[in-house]
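Before we start, here is the structure in question, set down as structure tokens.
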Amino acid sequence: MAATSVTARPGGLESALRARRAGGAKLLIPYVMAGMTDDWIEVLQAIASAGADAIEVGLPFSDPMIDGPVVQAAGLAAFERHPTIQGLLDRLATAQLGIPIAIMTYYNLVFRFGHRRFAAALTAAGVSAAIVPDLSLEELDPWAAAADAGGIETVLMVAPSTPPARVASIAARSRGFLYAITRMGVTGERTALGDAAKGVVERARAVSDLPICAGIGISTPDQAREVCEVADGVVVGSALVRRLLDGAGPEGAAEFVRELRGALGG
Amino acid sequence: MAATSVTARPGGLESALRARRAGGAKLLIPYVMAGMTDDWIEVLQAIASAGADAIEVGLPFSDPMIDGPVVQAAGLAAFERHPTIQGLLDRLATAQLGIPIAIMTYYNLVFRFGHRRFAAALTAAGVSAAIVPDLSLEELDPWAAAADAGGIETVLMVAPSTPPARVASIAARSRGFLYAITRMGVTGERTALGDAAKGVVERARAVSDLPICAGIGISTPDQAREVCEVADGVVVGSALVRRLLDGAGPEGAAEFVRELRGALGG
Amino acid sequence: MMGDPGPDGRYGEFGGRFVPESLVPACLELEEAFRSAWADPAFRARLDDLLARFGGRPTPVTECHRLGERLGIRLLLKREDLAHTGSHKLNNVVGQALLTERMGKHRMIAETGAGQHGVAAATAAALLGLDCTVFMGEVDTERQALNVFRMELLGAQVKTVRTGSRTLKDAVNEALREWVATVEDTHYCLGSVMGPHPFPYMVRELQRVVGTEAHAQSLEILGAVPDVVVACVGGGSNAAGTFTGFVDTGARLVGVEAAGGAAATNGIPGILHGMRSRLLQDEDGQIREAESISAGLDYPGIGPEHAHLGSIGRAEYARATDDEVLDAFSVLARTEGIIAALEPCHALAWVIAEAGRSIAAGSTVLVTLSGRGDKDVAQVRDLLAQRAGR
Amino acid sequence: MMGDPGPDGRYGEFGGRFVPESLVPACLELEEAFRSAWADPAFRARLDDLLARFGGRPTPVTECHRLGERLGIRLLLKREDLAHTGSHKLNNVVGQALLTERMGKHRMIAETGAGQHGVAAATAAALLGLDCTVFMGEVDTERQALNVFRMELLGAQVKTVRTGSRTLKDAVNEALREWVATVEDTHYCLGSVMGPHPFPYMVRELQRVVGTEAHAQSLEILGAVPDVVVACVGGGSNAAGTFTGFVDTGARLVGVEAAGGAAATNGIPGILHGMRSRLLQDEDGQIREAESISAGLDYPGIGPEHAHLGSIGRAEYARATDDEVLDAFSVLARTEGIIAALEPCHALAWVIAEAGRSIAAGSTVLVTLSGRGDKDVAQVRDLLAQRAGR
């Protein structure tokens, strides 16, 4: 990673991903919890250099409803370092990754910050997009208005339980990419790809030409490759976060990302 | 006490007490729980020699409803020696006291023995009379028939709460003497004679010429003398039993009975 | 049947009033007060009103569809567990508290075993502003320390009884002793259909509401009286109350005792606590201690009317073992969502054992669920753990 | 007022449905199922029948003559403590269990704090033969080990939650996580008027019976609606149910929270557990833990409809301190013979504090006694001992 190559500007997540897809590549989006280790910024940088196309950065929330045990532990680790949200964003602003960043957090942090202020803070931190899993389509408007105005892309999710018509409505509102939840359940590693994984991607593909990235429970290079037979890319969270919690450090993280990258093809 | 002088035969309680009263004496009836000490027979003998006119001998019952703590403790002590009722009566038969004995016990023992058999067993044990406090006037007949037939006198009780008309009915059925309960409450020592004490005796006196002995809570020679201003005599239980539980032995018991005798006049 | 036992309080050869003379006048006064109150529509209305608005009556009858199906019968439960304080005991104490007031007395005393009746008595006393003292054996105050605190919270004084076996029967003795000493301003609020006349009669009448309601509710649910009516028997008050509603029908009446306290089946006629009844006793007539997992059935006697109903064959008395009772407790919780007191689980255990045997398939059965099991949950946990370990 | 919040589940600015997309279809399915069931007389009849015959409804309204006199008011208690399992929670779980069945699901999950809702949910599941898993924070499973055993007796599986503060709010998170994973055959039986639409609406409707009964009973006793209607607020279900009966009258409505968990008065608008409401939270929007002696009120939020009723001034929200609550608990036991749960003692404590102040002498006041205190007796004993010692 060269600190000088700034191809990704705020707002640039979707264009970056579309460009990579157009180039025939599968998209790789690792997830890291902000502040979970002292060297988390170095981790982000290492990952960016190891072949990630974008990074999803979690902001810790006290009540992470859709997080499994590993990501919860990362959140607790972040809390133990007593970061404030602004403090984390300030650190993030220093990262200079050269690839787009999507923040992932819960709606109360956004709401409490204030929609406009939050969008501005993201922009100031060099963040392109936001994923707010507990912000359902019906409740989206106030944030979406502020995000759109502030140039922040809001990535929405479709789930195996989402009926086709609703997939279309969600896809129509999603920015950056469309996040296809591959299994019913919280984040976490699984030994096999769920039965539902490909179906949800295919339903999304039928109604949207957004890049479609599969996530939730993608744990191994093989699973990533398998789901990318239909998806445009993958989000890998717990499998990476667990390695970091186990002390993998920037190098270990980069190593895992390289494995994933390899599985997906250059 | 001379083992040969047998003035009291079964059935002789009332005649003995009437005779003593006629002679101007106040009647003294100490109470001892059968079997409460190993030397209880010696205790009875010592008491008889010390000026008692009759002795009330308790037969221990598991649920002594009207006994206070001291007499209950004596009953427990008797149980610890594992006596059977027949065993106690057999011992009692050996006592040769020279004064009448009234058994005091609860109705279930009588009932379980069988009325006729119990009356016969008392007679065989040299007992003249029976006091069965939980056998109320209304329930008296079956036992009274057997007792009368067997020559056992049944001593009945009147209480401060007994209305005058009922006092008369009870007095009419009482044999041996009429037991005037001087206070509402269980057996036990008291520091002063109850307010009700003399009243109950006077109500009894008004309707009966039976010897009237006051009992329940008469603890000291002074109290005995005071109640005998109206009563013909006293029953003294807990105050004596406590001394025995404290190890007074036959001599100590006799000593206390002599004190009482002295207070009542020769 | 189950009518007025007359001034002698006799049920055949059983019943009566075997008390020291000091207490006879109080019993007579009580009998008169009760008879006059019971005939007084204003008293009855006040009692009914309190039982309804304070006590939660009528209690429902629940049909247990799942358990009934499993047993091949229709199973109804009369839900005394839903009465305030958690058992049928409330019916009795509210009535006696009103009587206390009516007699111009300002204090109640009561005996208690595990604490159900004591808590109920303390509750009724608090409601009417009466003083209350509860006698409880030392063994029980230790086992049921929370119930001691409950009574104290309700403003009652709890006196620990250290005499005899230091359990329920000794608490009765001590309460009777206290009553002798304080009878002028104190009413003895006995907890079951036992003791001297008029208690067995009065308590049965105060519990009659259980049977009266259950009869009407059974008709409504079944269109008929149940074939079998079952209740547990400690002293026998919930059974007596229940039986009043069915004694004049063709229903088979069954009282179920703890195997370790089965005075109705193993007892011998005798006299205790002022009544003639069947008692657990030895050769000499010394009373034996009852023993079972449910403190409420740990009584060596039964109410005299039960002894009578058994003698004449109008009711049967059966036994349930501790193991059967634990099983019944568990199965009711799991299949019907009701955690019952261990006492009525004796009645249920008998039904489970007899369904398909002396209870023909397709029969309709009413069980009086005399109380809820909250008081027993800790004990059951320990017992089940013990059983699993053995 | 307190009508249908529409498809968005909005109460003014509060309410809504803030859940991961995986759960949206389940919420929509539930809303539809509930709306159709609620409009279906057969469903309503079955529910009413179970609440009556299994649950003991209607619960009475008791007038507290002695305490009322002392306070200079007429004091009525709506006696939810007499419902089966000991609180109003049963109304909700029986309804949701029937809905689970209606949706063709065979399993319920639930969160619980002290265990009241968990025990109620396990009870309803046992009644209908549904599988049941209850999530309970580790702090609570330790404090309330007996309630864990109760749920297990009822056939439920209790899952200890070791995340976050290991209390109620984390149990909700964990239940939501489980729901996401099992939504196909599993219904999430939420315990109060909180969570995503339609829960606040549905639970309020299922608790409406409290207010409907209380309204009619107040009229019968007082000849009028009470001047003041008071209920405690944890999530707010007993208060919501109560308020439905009086929101369209002139009665002053008051919800009383624990001083240490006063989201209605100290809370700031935010989003948690699928709803927008008032929450205890820090500057960043991290949720704070609530803290009070009564586990049932230890929740950092309130139902969205309460946030709304407070905002528009139709209801007031007040607080009671732990000390005031203990006093109210004791005084009710001693003067009225009712051992109440600590939760409704918050409502009572407020009445005691305000009688003669904002509650004018002679006023009529109805307090919903949402549950019985058996679960709290051991804790109160320790607290009173502690207080006596300090």
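Lettered A, B, C and D in written order, each chain numbered from 1.
We take it that a residue touches a chain if its C-beta (ideal position, glycine included) is under 8 Å from a C-beta of that chain, and two chains touch if they have at least 3 such contacts.
All values reported here derive from a predicted model rather than from experimental measurement.
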Clusters that remain linked by touching, chain C excluded: A, D | B
Centroid distance [mean C-alpha coordinates] between chain C and chain A, Å: 67
Euclidean distance of C-alpha centroids - chain A vs chain D, Å: 38
Arrangement of touching chains [line / ring / star / complete / other]: line
Pairs of chains in contact (touch as defined earlier), listed by label: A-D, B-C, C-D
Chain D residues within the chain C interface of the complex: 52-56, 59-63, 66, 79, 81-84, 86, 122-127, 129, 146, 149-150, 153-155, 330, 333-339, 374, 377-378, 380-381
Residues of chain C defined as touching chain B within the complex: 8, 16-26, 163-164, 169-170, 173, 176-177, 180-184, 268-274, 276, 279, 281, 283-287
Chain B - residues contacting chain C, complex: 61-66, 68-69, 72, 84-85, 106-113, 133-139, 156-163, 166, 170, 181, 184-186
